[in-house]
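In what follows, structures are represented as structure tokens.
Common to both upcoming complexes is subunit A, partnered first by subunit B, then by subunit C.
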Partner chain A sequence: MTKWGMVIDLDKCTGCQACTTACSMENTRLPGENWQDVLFYSEGSYPNVNMRWFPRPCMHCERPSCVDVCPTRATYKDPNGGFVLIDWDRCIGCKACMVACPYGVRFYTDERAVVEPDVRSVFPGEGKRQWSPPYSSPHDDPKHGVGVQPKGVVSKCTFCYHKVSKAPAGAADLDEDDPATKEYTPACVRVCPPKARYFGDLDNPKSKVNKLIADKRGVRLLDHTGNKPQVYYLSGGAGAAVPSSRSSQGRS
Partner chain B sequence: MSTAVLTRSSLPPISWTLVLLVLGLVGSVVAGGYVISQLQAHGHAAFHGDSRGLFWTLPIVTYDYFVLATTGLVMIASLWTVFGLSAFAPIARRSLALAVASLGGAVVALFMELGYPVRALLLIPFSFTWSAPLFWKVWGIIILSAALVVLFLTWIFPGKDERPALPAALVAFGAAIFVAVVAGGVYGWMSMRPVWYGGHTSIAFLVEGLLTGSALLVLFSWIIYGFRGEQAGRGDTPAFGEPFRLLLVVLVAAHGILQLSRLVSGLYSNLDGMEVWHHLWGEPLFHAELWLGLGVPLALLLLPQTRHEAYALPLAAAVVLLAAFLSRYHFVIGGQMVPLFKGSWAPDLLHYTPSLAEYAVLVTSVSVMAAIFAALQLLLRSSGSLSAQS
Partner chain C sequence: MGMMEKILPSAFARRRFLQATSALGVAGAASQTLRPIEAGAQRTSAALQTRITKNICHQCPARCGIDVYTTNGRVHAIYGSTEHPIANGKLCPKGPLGIYILYDPDRFRGPMRRTNPNKGRNEDPRFVPISWDEALDIVAKRLNDLRDRGESHRFALLYGRGWGASCAGLLGTFGKLYGSPNVPIGHSSMCSDGSIKARQALDGNAGYNAHDYRNTNYLLIFGASFLEAFRPYNYLMQMWGYIRGEKSPKTRVTAVDVHMNTTLAASDRALLIKPGTDGALALAIAHVILTEGLWERSFVGDFSDGVNRFRTGETVDPASFEEKWVRGLVEWWNIEVKDRTPQWASEVTTIPVRDIVATAREFGSTRPAMALFERGAHAHTNGILNAMAIHTLNALVGSLFAKGGMMYQMPPAYGPLPANADDYLDDYARNGPWKRHPRIDLKGHPDGYLLANNMMQEVGPNSLNGRPYKLDTVMFYQNNAVWTAPNCRQWEEAAKEWFIIDTSPFPSETAMMADLILPDHTYLERYQDAPTYPFEGWPLTQLRTPAIEPLFDTKYFGDTLIEIGKRIKGPTGEYYRKLGSAENVLRHLAAGFARAPGDNGVKDFETWKEKGVWYRKPYLWQQRNGEFYEWDGRDYTRRMSPEEVKAKLLKTPSGKFEIRSGWLEQHAAWIAEKTGRSPAKLMFPHWEEPKHPGGGDLYLVTPKVALHAEGRGANIPHVIALLQPTVGGRSEAYIEIHPRTAQERGIKNGDLVRVSSELGSIVGRVRLYEGVRPDTLVYPMENGHWAMGRWARGRLPGHSGEITVNLSDRISGQCAYYTTKVRVEKA
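Showing the complex of A and B:
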């Protein structure tokens, strides 16, 4: 059974946000409500300032706490590919999944606009759609949380389910450099200029993602929570990429 | 078996129940209408939650507060209906009526918060998500509601003097404990939220439920007796004498111990996320909740100069209710103040100020509760059932 996973090489990532932009366009995100984001952290004060960045998609965990807490089975783990998805037709907007996600990757966009002007008023949506983007987007597939987010529900990164789920059977890796898999590669992986992202089958021993995880000692974020992310980070031993939330208090 | 038969002359005057009903209806229409108009115009942008981290805000605080009060009120009634403590017989029926009213207030707040409330009604009970605390909580509330309906139909409306049939009373009591424990689990079982996490959270919820339930019962009894403490507290409601005073003292003390224990471990801990406690420590409202909220009721109920005064119990109850609400607010909001993986897009600690629409949700819930309680009182009075209760 395929279990899609991502590897992000932090030593290669330049923090350019191409992934964020590509994701936003691909998935018709509202400005500022980024399923995929590169987070910036600063530590210390001038002149001893350290700036770091950290790319953060949904981790599509093997044991997702968001799925456990969902009272309506709207959030679910797709056995075909290992995606964590949301059925917008079952979501009630209780936000329990948002509270339970240790990675902060879920969005309830019935809120004040993060970025002004509010595009929802500039391009008002029809029916339950929050807005009508002035460019093409994937066909709405509410059962898998794909398309324009409806009102009153939670959304998240789908690993570009609408592309990846159509990949050729048995593909070990989805690579933008391979013409056979290019169209099925997630948007954030496909546009990454320094090629810091890799996408492949974690259950396939021949996949490049498995080789990278093994050779470069891939690590998972907040592994102690037991969620077992399917996104691995390569840091080359450079240390923690995300400062402690108390780091600005001067505590060790 | 003790009974508590009261004469018509000892019934609360109808005038203040009517006033409560009118105020409740007016509040429900005005505040509820305002919330609905805001939701129609702005959707949930009318509330001040956001995807950076503050997902559950004042409407959820309100919902939890009234759900817990409901469980506490059922547990207090159970002192008579299940355990047969005759000192609490006179207020058992009123306690159950107030429990129904409080549940009504909770449901209203929840429905205003949810994206799809009707869908929730249909899907949560029948999705059988065994791993979700909210699934169990909803089933707990369904069973509790069913038990309350049975108690009303077979015991309260017929106006029977003796205790109700034990099975229904026992189910209501068990369901109330279950709901309070699971409501605590909704927060306490989340290891990624250090401020909430821990087995003690369910215990704290149980105690808070009993505390708010007791205080609500005292206050509403006082109101329907026209703010005449000597009647509500002594005359025909002997439960509001020594036993209830002692019960409230024990509950305030237990709540205080749990609060202080959590505070000390929060201030002591270096764990990421626990810095919220340092923030709360700098908030005047937190100190008011902690020291005045605990100290004033204890002083009123324990000091020889005040403890036998008619005003002591209702005044202590009013302070307890405010403090318990602030406690719930600080707990729910505090647990979400540290944004998870937002980097410099969000401050170290998120700040939240409720919107006018969110305050209106609170007013709506209180009003709905008052209206339902008053309506039930009038219904019982007109059916003659009230002659058997205080």
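Showing the complex of A and C:
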């Protein structure tokens, strides 16, 4: 079975937000409602100030807490590929999933626009469509939470389901540098200038993502929650590192 | 009702709407009426017809090749072209947003004429649509009349981002045939001429460097915002990922700036320097390199007996040192560097001595190493001196033309144009009265800027003062000088006196002052060539191909210029009839590829269109261990004579890297008179206190950031949401202020403040930030428009141009954007 996963090398990430904008255009996101955000932090005092950033997609958890709390089974774990997705035809916008998600990667966008004037009034949509910019993605698949986010529902990163789900069967990695897999690679991975992102099959021992997780000590965010993200972060490259649940799998 | 809402409905005549829609069919979706898209129509459309066209991103100088995805007539995605050597399939954060520029609802929809004779921020231009023929005839009549009166010099054409031979490349010819010294005036002095002129002074190449990042082991970056705005940005980040994440050994980086940005944060060492003092730091680094014997002897030379005599404070006998590829090293030491100790520099720059020494030792002992610099270091009155001091470090460690070092960009193998302009000069063009007039900006004039390339920032004030004369008609291409110039209100006054022709597709401030709007296509709608900016040295040029038919009744600027040319009386008109059209020009350029086919098989216009890019590797020269070699077809083995090096690489009077600049020395009397610099020192990189006008107590620095899309970022909602993530701006950019500086003035986080200089004041909201120098305010230069579209207009903080004094480096002509001092108080 394919279990898609992402690896983000924090030593290479330049904090440029190309992942954010590529995702925004590919998935017709409202300005500032970023499925793929980069969070910035700073601490310390002048002149020794430590600024850091953290790129954050949906973790597409193996044990997603958002799925457990959904009263309508709108949020689900797709066994075919391991995506966590939302069926917009079932979602009632109760936001329970947003509370349950430890990673803050779910979006309900019916409230005030981040940027005024509101693009929804400039490019109005019809019916349940929140808006219809001329460049809207041609991919519209509400059963998988793909396309323009309708009114009254929650949305989230789909791992670019509309691309990845069409990938050639058995592909170990979806690499933008490989012409055979380029078009099936998630937008944020494909665009990333320093190549800080990799996407592949975590269930395929030969995949590059598994090699990177092994060689460069991939860790998962908030591992203690037991959500088991399918997004791994690489940082430091040193032997000493924050232990991840992967290293304790044998013991658990 | 805001001004734009008042303008646009009148501009958007029903007549034009029908023209545009009949040409395309889906244009209405992007039009002012914004007809909603039927959701069902998309969901049920079974067959998606997707087409990919090759284009070049338009949002910074980098020129990344892009694949434009168009499905059923709509552009919906942009990705980097995998086969493009700069893009390599990648994009920076601006790239994907380019679609928005195409579908920007505030675009002009066709040519228009102003009907309100009054001009100003609060004057509705009352534009009315006219036909292209009417518009072009109005321009031609004005230009012909000026020529008939012997006043053709009073026509100026100002351009910003010129792309290639089919747009900006045509302008010089137009000036020569028509007869105006002011066609064209480029924006380079408001860009980064400080960098270009420093290189001209030292190594004789008036250009930016190309770089071999892949093989470098050390980067010392002065004010260049490597991970935000240095070009080619996308490629730099690709290189960053490689040299910092994969290369062995990992490239080490020290970065110098006035606030903590992503470049400094991602580097090994961040140095927060006092604005305008980068030259002092570079001089101290040179001091350490020389006293500790770390210079590259094979390139620089050595003492005859091999014993290092560079000791702090002591002069050295020039005869004891044998220079190889540099000129004036020992003289420089004696007159300047011997006293430029880390202790001295620490007092000037506020950087601790230990950091200066550690940086110098690393830079001096790691090969290959490169020192990079841009506007942060040289947009000051002492800018050329700062820049020369920094670039001299590259010579000291032998990085010029070396593997892992820097070189200069080779031009593409273009074919000749359909006609030779020199065959179409009439008597007026050859000897008309226009020949007696200096350029309006006094570029190349002893009373102005004798050595500069351009002085666009002087055009507004000079014309306003009638010194040397007043302009009559001014045309703008890719240029919004009425807003971007320092002391921009002066330009607004000047603009009231001009007949202005603007060619931007967007309602810029300059357009609001315009009498005639001749809107260009956006970049996804036009054919246009663009040779690369300095990149890896080997020649590369690329082509924009329209993804869709133009949405509106617009015209490519190259064609607008040719059509005006055809309407000029005499042989000029004949010349432009020979050129025919911009596409014909492009076809003639591409004919040059037949003799020099690209590595990717591009050999003519059709293959260029298909691949989007022509290039030929390798770069032809390499300096290795102090010897220069030329490519022999397989490797760099053919040894070059000093004469060849002088002709091709080190193009100075001496054929060496001139720390004692022969070019500056040639103009020593003028420089001494205008700058007060010592005649003995003015040709060397040396320390000079920068001037800080404005009357305030805090420096103001307004850097370009990653989302700064040239000329259009301000009106892109996604850019607004992402402009300044480092301090948390989501819909508004903040003025970064140090907590202590704020506290001393009773300012709290999030307060509205007034930032003032002697010119006026702007308002903005502050963010308290430990990462900014306590003596400096920083905010991104993008906001504060009074036009430009519904999202741009009035967005805080106010525009830095309103409080930036118009002061320039007298040598390079570089506008000293970062040298004004301001006051800040609670608004």
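We take it that the second predicted complex is superposed on the first by the 233 of 252 C-alpha atoms of A that agree within 3 Å, B and C clash if a C-alpha of one lies under 4 Å from a C-alpha of the other, contacts with A are read in each partner's own complex, and residues count from 1 in each chain.
Quick note on the criterion: contacts are C-beta pairs under 8 Å (C-beta built on N, C-alpha and C of every residue); 3 or more make two chains touch, one makes a residue touch a chain.
Source: prediction; values computed, not measured.
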item	value
Touched partner set for A:166, first subunit B, second subunit C, both or neither	neither
First, second, both or neither for A:115, with subunit B first and subunit C second	second
Which of subunit B and subunit C A:151 touches, first, second, both or neither	first
Partner chain(s) touched by A:96 [first = subunit B, second = subunit C, both, neither]	first
First (subunit B), second (subunit C), both or neither touched by A:22	second
Partner chain(s) touched by A:40 [first = subunit B, second = subunit C, both, neither]	both
Partner chain in contact with A:137 - subunit B first, subunit C second, else both or neither	second
On subunit A, the residue positions that both subunit B and subunit C contact, one per complex	40, 42, 53, 114
Contact set on subunit B toward subunit A in their complex	43-45, 47-53, 55-56, 114-117, 119-120, 123-124, 127, 129, 131-135, 138, 186, 190-193, 270, 272-273, 275, 336, 338-345, 348
Subunit C to subunit A touching residues, read off their complex	26, 29-30, 34, 36-39, 42-43, 45, 48, 50, 71-72, 74-80, 82, 89-97, 99-100, 102-103, 105, 227-228, 234-235, 237-238, 240-242, 244-245, 260-262, 264-266, 270, 272, 706-707, 717-718, 720-722, 725-728, 730-731, 738, 769-774, 790-791
Touching residues on subunit A, where the partner in the complex is subunit C	9, 11-12, 14-18, 20-22, 24-26, 31-32, 34, 38, 40, 42-47, 49-53, 114-117, 119, 122-129, 132-138, 140, 148, 176-177, 179, 182, 187, 190-196
Subunit B-facing residues of subunit A, complex	33, 37, 39-42, 53-54, 56, 65, 67-74, 90-96, 98-114, 151-153, 222, 225-226, 242, 244-246, 248-249, 251
